[in-house]
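Both complexes shown next keep chain A, but they swap its partner, so chain B is in the first and chain C is in the second.
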Partner chain A sequence: MKGMETDKRSIQREALAELMAQWCSEGKRVLAPKRSGGKVDFDRVTSLSEVSFDHVQTVQSPKSAVFPRVEELFSFRSTDGRVEIRERNLDTLPETVVFGLRPCDAAAFAALEAIFNWDGPDRLFSARRARTTLVTVACSRADEFCFCTSVGGGPGAVTGSDILLTDLGQGGFLAEIASAKGRELLSAAGSLFGPAGDADKESRLAKLPAVFPPDAVAAALAGLFAEPAFWEEQSRRCVGCGACAYVCPTCACFDIQDEGGATGKRLRCWDSCGFGLFTLHTSGHNPRPLQSQRWRQRLMHKFSYMPERQGVLGCVGCGRCARACPVDMNILEHIRAIAEARP
Partner chain B sequence: MNANDVFKPFLMRIERVIEEAPDVRTLRLEFQNEDQGRGFSFRTGQFGEYSVFGEGECTFCIASSPTRQGYIECTFRKAGRVTSALAALEKDEIIGFRGPYGNVFPIDEWQGKNLLFIAGGIALPPMRSVIWNILDLRDRYRDVTIVYGARTVADLVYKRELREWAGRDDVKLVTTVDPGGETPEWQGEIGFVPAVLDRLAPASHDTVAVVCGPPVMIKFTFPVLARLGFAPEDIYTTLENRMKCGVGKCGRCNTGKYFVCKDGPVFTFAQLQEMPQEY
Partner chain C sequence: MNALQEKARELLATKTVRVVIGYGPGSGGQARALFVREAAQARELIFDETCLQNLAVYLMKPDVRQLGKAALVARPATLRTLLQLAAENQLEENSLLALVPGADGVLSLSTFSALEAQVASQDNELSVAEKSELEKFAAMGLDARREFWQEQFSRCLKCYACRAACPLCYCTRCTVECNQPQWIPVPAHDLGNLEWNVMRAMHLAGRCTNCGDCSRACPVGIPLYLLNQKLILDVSANFNSRSGMTAKADHSLSTFKPDDPEDFIK
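Right, the complex of A and B next:
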């Protein structure tokens, strides 16, 4: 982001490999994009050689580093009329470096923080977040699903990252140190970094013109809520599978379920506003019985409610939902239609 | 609420089980840890998450009044997985409770006014909290009128308390059952709540109305109140959307930009008119 002061250094690929080896030897969990079969996804790595650099975007977002798909809130033992609750020991949560996430993903952590901590802290999320460092790799390529520049981000945006790396070619990276955590990583391995030189970062970045202004979307949404035909038209193809929410880096709606009977666990699990059961009352009444209403909720939440209530957009333009959608719904097309709608 | 971890429930001992109606029970709950109990307070209108360990959590209002200290009560109908498990529990068994959550009935603002309570079926519990709160501070309020209806005589909850309210000379109680729901001994009204309210025609001057009931009852009650001259900002109700966390994070109870768990559950009719109808 323009105007943000970063400490600029350079690092060579060999030194980066050494840095990653150092994190691993310190016992840190390193999550990075890894190619497996035909897809690239975040996985635990122990060596830079395992890391994919040539993909545009991973299938899944890195949100599970701080918000696992299923996590234990606490366990309990219920015997002879007595109940004992065992809290999670937060000291056992791993120090984690998420490496090779994109600038859009780094920006998404601010949205997650807003959701989990906007009105009182979420203990587990906050503990994981405090132990997580983000070492981002800027985008040299974008695809037709990317739209970060329309939602305040950019292929080389530093916001949210602790360190932002930009591949300068010939095995060299620009390293922008952007936070206290980033400075900690630097000071623990200062000899691996060199001076920044005068490399031109901008020329290495993907070119991605903005296609809509987010403010226009929020303004248009306010007038569109009570237009059922509009939402019906937008969502006619939607099968309500929830894939968009599962791959989304900012979707954080969750369910709470018990497992294991009287001596079991209380779990928090990913959920989605796209599912009909999400809001279904026990009585059978459902405040959002139609898929079109659930699609409306998804867009209103990200582009209207979150900016108004939590001061942050719920979308970072990563394009994952559009890539994952089994019926080819493309959020970019839908948002453009909203921005241009005149209800 | 539990300061350290919002998801960790208090352990509550079932001190008493009261059969209210077919499949409807009240549990009186005491804190297993007395220090936690002494540190706990709530205000009328608030709700909590009640859990049977191994089955899960469910959401109900606190049905007792904050003026009655040392315990809380909840009243529920056996309907789903957790309520079925709750209904199977006996005195002295342990359940979990998280809360209190949500906003409150502004009873301090209602001082010096007449109060009209209108409830249907299993929606009397949230109103019972505020009714007892008002009756325990009786001299601060003027006329208290309660209109309560259920499908059948058997479905009326808090029968013992209905008799107590009927016997008080500082409360006007009107009970009704749906046509066909009466018994040969039934002394009350016969008819749906909105129609009974229409016949009763309570004065709206200097009066606050509180309405809790199934959506269809609420839908037909608001126009009657409007005809009687009640301003939308003097009509209160509670919304009951499905919840999991109770603390504004899990994402499902919203109606438009409002979280029922944080901005509600208590809303005025004036607020509802400004909100999208996602409840």
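Right, the complex of A and C next:
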């Protein structure tokens, strides 16, 4: 939605602190980047002073706000052959403000929505999503792992955010109100916002030239599927953990686990296509027995299957997978190699 | 070309090995694993203080095994790992060349006795800093320690990067993946995370060679090395044994000796 009309305001840091205090006093759960033990990650905060602004990106994505790593789907009780199912009470799900996520993270929610609501709405996901408001902070810096501009985003892109804040220096922020939820937040605290003035947003943003066209990647992938040597070469150092998938803002695969016996819970847990067990059939057959095939699946899914089936890219260029990878599987490097491959 | 690059080039040119597993330049100024299969590519090899990964992890990977005989650039902890793998019948003698870059060129070791001699000549002790951090924990008291680990494990995502990065976690099917019965809860909730991390530490007790890759691999920064190092000291104190020193089976926690002084085991 390039060029989307946003209502532009300004807000001072003190007013922002007051706004966050107001959300907390209303009982909202506020999740924001917090520095702890040398890492910055989303955590529950109650005050703006706890929030990190100077990092490039958090370790984990904000997806757990709508897709927790463990979630009870329902509970059950079996007595005398009769099974009683108790659904989750969706009204108890918390009203949530995710604050300080990046524009790439806000864009990622569209990919999650496309997956969870593909062939029918996912009740729990949708209920959480409906109660979640995204107050994004634009990027003034990028690092060598960032590539949002190559996948349709940008350090100041407003798509997906309810409100986008851009730090203008001297304690002032430009606030772009970009959705109905954003307008709700504004109307509940209108006095905290001021007129936007003529601040130059662009000059405050990270400079990040695009390095590949996503269409070229999808086109190249179509010819690479049946080239095992290419994937073996790319993935040889991959050790097959799930770090990339778990920090990814769009990875949505899950596993179902029952806990308890006759009385228990059915849980939805994060899963990853990088694991050898992911596609292991009951028969013992595994259609993806090699790590190279799992790596191929990861890239095909994000850059080919999702655009084709859901009309949305499965990658927003946040770079988290590359930063988190214990063996330096740098996705940008690999995607560029794919875009340039001539099989 | 430096001595390591020259050695790798020669091994590949003479087809003594089919792949040299070493380090090359990676992202963010860090090194990454490099699989050199052509003699001409040997000049990309580096060896400096950024080369931290224990490359022995790749010896267990089917994707790497299929490349043929390997030479492996080995740091001190990697050499201990090779001996531990040998002791666990996971590494055949002379099936691999361990390349040890040093001041006088590159050692190339393939027999277990050569590996044992090299390990015996290097410093295998926990550093002073490592020991003092463990002492700090020992002094904390049970409740404080429990609280510390509960907080640490609460962040565990169960991505299994610790397991994947560990050369001694080579099981083709991990306990967590055995579900009849389900020994360890799969979900990354408090109980599942506690059981997973404690189980893994115990499975490595008497085996871990202190390479540190589990902690470096953890995306959320859980200091897993503390558990492993504590167990290394405990095994050393109780069994007078140290993993990775010999290629002969010396399994402190899975061997029964008829003359064991403890009564409960008889």
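What we mean here is this: the second predicted complex is superposed on the first by the 341 of 343 C-alpha atoms of A that agree within 3 Å, B and C clash if a C-alpha of one lies under 4 Å from a C-alpha of the other, contacts with A are read in each partner's own complex, and residues count from 1 in each chain.
One rule holds in what follows: a residue touches a chain if its C-beta (ideal position, glycine included) is under 8 Å from a C-beta of that chain, and two chains touch if they have at least 3 such contacts.
Keep in mind the model is a prediction, meaning the values are calculated, not measured.
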Which superposed partner A:144 touches (first chain B, second chain C, both, neither): second
Chain B versus chain C as contact partner of A:38, first or second or both or neither: second
Chain B versus chain C as contact partner of A:60, first or second or both or neither: second
First, second, both or neither for A:299, with chain B first and chain C second: neither
First (chain B), second (chain C), both or neither touched by A:287: first
Contacts of A:257 with chain B and chain C, given as first, second, both or neither: both
Which of chain B and chain C A:242 touches, first, second, both or neither: second
Touched partner set for A:208, first chain B, second chain C, both or neither: neither
Partner chain(s) touched by A:118 [first = chain B, second = chain C, both, neither]: first
Chain B and chain C footprints on chain A, overlapping residues: 255, 257
Residues on chain A engaged by chain C in the complex (per definition of touch): 37-39, 41, 59-60, 69-70, 144-145, 232, 235-237, 239-243, 245-247, 255, 257, 259, 267, 269-270, 272, 275, 277, 290-292, 322-324, 326-328, 330, 333
Touching residues on chain A, where the partner in the complex is chain B: 73-74, 76, 78, 81-83, 85, 87, 115-116, 118-120, 122-123, 225-226, 252-258, 260-264, 266, 268, 271, 273, 278-283, 285, 287-288, 293, 297, 300-301, 304-305, 308-309
Contact footprint of chain A on chain C as seen in their complex: 26-28, 30, 32-33, 35, 53, 57-58, 61-64, 155, 157-161, 163-165, 177, 185-189, 192, 213, 216-217, 219-221
List of chain B residues in touch with chain A within their complex: 4-9, 11, 51, 53-57, 79-80, 83, 92-94, 96, 215, 240-242, 244-245, 247-257, 262, 276, 278-279
